[in-house]
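The same chain A turns up in both complexes below, where it pairs with chain B and then with chain C.
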Partner chain A sequence: MKVLLRLLDKVRPTFEDGGRLHLLHPAFEAIEHFLFSPSQTTITAPHVRDPLDLKRFMSMAIISLVPCILAGLYFYGLRFIAIIVVSYAAGLTVELIFAIARKEGINEGFFVTGILFPLIMPPAVPLWMVALGVAFGVFIGKEIFGGTGRNLFNPALVGRCFLALAYPAQMSGSWLAPATELGGRVLKYVDGSNLDAVTTATPLALAKQGEFVSTAHMFVGNVAGSIGETSAIAILAGGIFLLMTRVGSWRTVVSTLASFAVLAAILRHAQPDRFGPVLWHLCAGGLLFGAFFMTTDPVTGPVTNTGKWLYGAVIGATTVLIRNFTGYVEGVTFAILLGNIVAPILDEAVFAVRLRRLRSEG
Partner chain B sequence: MRFKGGYNVLFQGKPDGAVQTMPEPEKLYLPLRSERFHFSSLSVEEGQQVQAGDVLATDPDNFDIPLLAPRAGRVRLEQAENHIVLESIEGLPEHAELDGREILHAEQKAGTAAAKREALVRLGAWQFLYDAHTQALPDPTGTPQAVIVSTVSLEPFLVRGDVLLHRRLLNFTRGLEHLQSLLEYQPIYFAIPDIRSEFADLVRNHIRGYAWVKLLEIPLVYPYDDFAILARGLELSSGNGPVWAVRTEGVLAIDQALTLDRPCLTRTIAIGGTGVVSPSHIEVAPGYPLKAITDKYVFEPNPRIIDGGILTGKVFGDEALGIGTECRGITVLPELKEREFLGFARPGSDRGSFSACFLSSLTHRIRERLTTAMRGELRPCVSCNFCEEVCPAGISPHLIHKYLYRDLIEEAAQARVDLCVECGLCSYVCPSKIDLRAQFTEARELIEQDKREAREAKAREEAVEETSA
Partner chain C sequence: MKDSNPAACSACATKGLCGGKGLVTLKDGVWTVNPLAIQMLGICSALAVTSRLESSLVMGAALIFVCVGSNLFVSLLRQYTPHRIRMIAEVAIIATFVILFDQFLKAFYWDMSKQLGPYVGLIITNCIVMGRAEAFALQNPPVLSIVDGLANGLGYAGGLAIIGLARELLGTGKIFGHTVLLEQWYTPNQLMILAPGAFFTLGVVIAVFNALRGPQDEEENK
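Showing the complex of A and B:
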């Protein structure tokens, strides 16, 4: 490893101010700090720091997505890998351009966006749309706000929302029937043109026509849907890991799912023939995925714990309403984006109450 | 009493309970500045011969608190900047500690409370008192609303109460009696550690029957021993008058001053940290040469030597030659030497974290070998809320940070940055490596300054009005 470090030290001047490639400094720095932990030391007290940094923090989110990635690979085959590669390439380009322009480092947050985005794509989506969507999401959803930490919206969801509005036909026509054969499609490349992969409607779309897919199938994941969203088991496995690391807040997840379940139960109770059963709804579509991996994004959610409870409630309730009372089959994307908008307001309210209480202290 | 936040940083080099006596030095280097004091008004001349306990200098801004000569010797004023040097040191005459121990209780005759307080200032015991809210030196003639006494010391690594009290419990309880005799009816809150410990039992047995002492049990989580936190928890608001606070060493010094009429000329301090050979406690005179201590205890070739604990201490500057009068511990940390390959991707069974992102959180918490490494890049706040969860003061560090980032001092003041006790935990846990504590210290100073200026301006205005009227 010493050799590697010496090599980095040798090429460093090329990327520093005055060097030939100084424009690419953010890229160099990202690689250097990926390989070796930074050399900075503390200047003032506290003289020691927690080992957790943003790289680790974001890595935890990526690790928690591994079960979903594997499930996606199993059900939809090698094409998923192509989607991931395109997503990272396109997103990283935008990120790098902005890092250079802003003279800041490349933010680790992007690496989560880059994998979240493929997981919420329909499996047969054209690759150019993946590139366009992720670039749009990173640009509009994040960079114009000033980068990770300052963004209002979840970039992956902004990208998906954009595609859904700009290309509704391609988005809703790109579903694939998941693999049914033993061994899945781990070694196959399947897109819309393959004969064995008939484009089918998702469970939520079918439900609008009064047809309910079995909950057990949705739990395992062999139903049509976005690549990472279909398998409830995989989501739960990764999601619970995420909550255990404390990177994602359990409060948000519990609140989202609980408010969703309560409202869905009320509807079911009122008109059992019109609304689906609660457990069915919980497993259908992107709800679980959104609840575990999108609402828990710390940047775009509220900071305070009270705010998190309210935030989850807004998202859960909105999802039920959109799903059951509008023309849209899926409501999670819009619900979470709405949640992103109200998150700062919720925090403001919590702070206002807290500051009033603090006023007389001390 | 309810506590919020708090967290114990565990790392190698915890001082053991032994107290070692350092050999008498040839010279003492007494710094003229310490955390709270600046002994700017000199009382001695170059070359003057002084006796142990003589006043070398006083601090005119702090009720003329004296800097005492810890040993007999000759004064040198020019040898080192900002220090008074004593050379040709003579050892202290051997007093048997025993003569004090035979006196079971504080004697009642010892004079009025005012005379006692004067004696405490003169004999160097008063400097162990703090105003709980401001950490400043309280006015010796003032009347507190209450007194907080604490034997708990939670910051790693400062001198521990149980070590100081070893075989001195009697002196301590007698010191408490003296303390009480300075007051009228104000309560003394006595903070003791975790009720289950053997030490707590011992202390409890000793003060049984002191009705004016109210026991306060505090969990052993940093920084619940902070006086401002305790005062707030006890609802002793600063609007109702000062709250005095004193630690174990202070009570022992009070006992020594009022029972034996003897100044406090030796300190027990902790020496610990990752870079120390055998972390323990040492008994030294103030002014003891720093180098003699580090030569004996530090093995690291390139250490950072800190005056105080790991979370709030200050680095000893190059010009620092001796132990200050307020020093409670020396912490030694190795500077970062090696950059870790793929550091962020390690499983992490060898490192402890506030988050649960490392393998060690599944097993047990380990004492880590910490260095001065920042362990990450500076990034914008990601709103993870860790800082708020860990903050003992109940404020929102990330919110204040965002205000300060945009230079909104006014808003930061409204978010009560002044309640921050500068424990440093927020900076410690922040994954974006933001120096929150340093920012808050700066903001608090700015706010204080604004207030002072506003007060002065008002006073000037009033003066003008009076003259014109």
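Showing the complex of A and C:
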């Protein structure tokens, strides 16, 4: 955060009156306000009070998703843009209905969900399913619990879980092979309908048949999967930014990945011919994306630091178990939703233990 | 319901159904204190048998039959039942009617009986039937008790029918097994026929019901 602030302060004079680029001042201001709360206060009404800084929080999350968005655009092309547009349109409609019914303004909460949801969709998913899923996620996952900040579950994951259970055939048959040509599909619209791209199985599905895609391919992103989860490099770039700005908690991420790796290593050690290598599993599927961008959701995760360690451990361990021992090839969605359920209980337990210790001390 | 007492029976013969109490009782059971949506009773079977409209209707019919029959007999015997063993007496009466219905299904609608499985037998433990016997039939004359049993049975059956209709239609695109929503433009939502679909539908039904009914005494919702 400090680096960004210093950078903005440094280039500010260029955009002020008399500066070389003062014509572009509105753009500079928009970026500045997107990143930080404005330092000037209004003299007359309306006075803006902004104690929570929710908007900046959300902006950081969106910026950290940029590498994944670019990777998705590169690998899957214009169709990804269409999915994003549908996601925002449908989700905002639900938000708007509730905002009118509650006589409140629309708040920023949806902006992150609206981009997270397309990133966890299969690239060839029908657009009406995107609309239905995101509407369900926002309605059932968030609004009926009271709106932004009060939701028990991550709305994007609720939406995906809903689609995965309601339309299993379409959801598991909508994986496209990512672009292999130089320049990607940035200007192409492909949905697999007219043989413009091959539908294919994800690495985890192939692994169930004993076929392992190379880890290097998964690291770069040259494999089928949800739009945002294919490229491990992009996820790491955005995720580390998210942790550096402290918008996401590093404890949760480290705990999730570490517990996953430990348990996967034990399984691998026990039966090397049945379970995949640890590094391979870490790069496969939605684990990295989920660990960096879903478990770090401040609303649905625990508040206490001890709670965060435990929370990550629950998610990491559950993911390994679902992946390796059930009919589902991918378990991150279910694991994080289960983690969401136990998060408040973990906090309660941590508080209870701490209170008891305080009481016994004095 | 507290104001209804055995003395009301004298009015039965003169004006209307039980001196106008019948209509109030009927409205209570079906709408004001609907067993499913307001009292939240019988949720277990409402979730278990409603994946298809047909089974929901049969289940609703079973509950109407059992509730009317048990209410009638509990009410008839209310003067002779020792207070301390009244629960056992009620269960015996309820079980009789449940077994009657179960045997009827087995004899004439074997497929349906198999489909409903244990849930017909489980009506014995259904809170609605027991609750009506305990809370209403023990204090009220037979005819009014029949009305109450019918009202609550209808209230429950109505709720089940709505849930069953929604789940079968959205989950398979069919009603009574006949395709209504063509597969060309409707993709069946398989979640609706799974257990979570029942929870979501029931939740929506309860929310809509409460919204239509408007805010009343908050104690009921507790």
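General remarks:
As a convention for this text, the second predicted complex is superposed on the first by the 303 of 362 C-alpha atoms of A that agree within 3 Å, B and C clash if a C-alpha of one lies under 4 Å from a C-alpha of the other, contacts with A are read in each partner's own complex, and residues count from 1 in each chain.
The rule is short, and it goes like this: a contact is a pair of C-beta atoms (placed from the backbone, for glycine too) under 8 Å apart; a residue touches a chain by one contact, two chains touch by 3 or more.
All of these numbers come straight from a predicted model, not from anything done at the bench.
Among chain B and chain C, the chain that touches a larger number of residues in chain A is B. Of the two partner chains placed around the shared chain by superposition, chain B is the only one that A:V247 touches, whereas chain C remains out of contact. In the superposed model, A:G149 lies in contact with chain B only, and not with chain C. When the two complexes are overlaid on their common chain A, residue A:P272 makes contact with neither chain B nor chain C.
In the superposed model, A:P13 makes contact with neither chain B nor chain C.
Looking at the shared chain after the overlay, A:P168 reaches chain C, while chain B stays out of its contact range.
Comparing the two interfaces of chain A, the one with chain B and the one with chain C have no residue in common.
Taken in their complex, chain A has these residues touching chain C: 140, 162, 165-168, 170. Residues 9, 11, 133, 228, 232, 237-238, 304, 306, 310-315, 331, 333, 335-336, 339-345, 348, 351-358, 368, 370-385, 388, 394-396, 398-399, 414-416, 418-419, 424-425, 427-433, 435, 437-438 of chain B touch chain A in their complex.
Note for the complex: chain A touches chain B at residues 1, 4-5, 33-57, 59-60, 105, 107-109, 146-150, 244-247, 249, 298-299, 301-305, 351, 354-355, 358-362.
The touching residues of chain C, counted against chain A in their complex, run 187, 189-192, 194, 196, 200.
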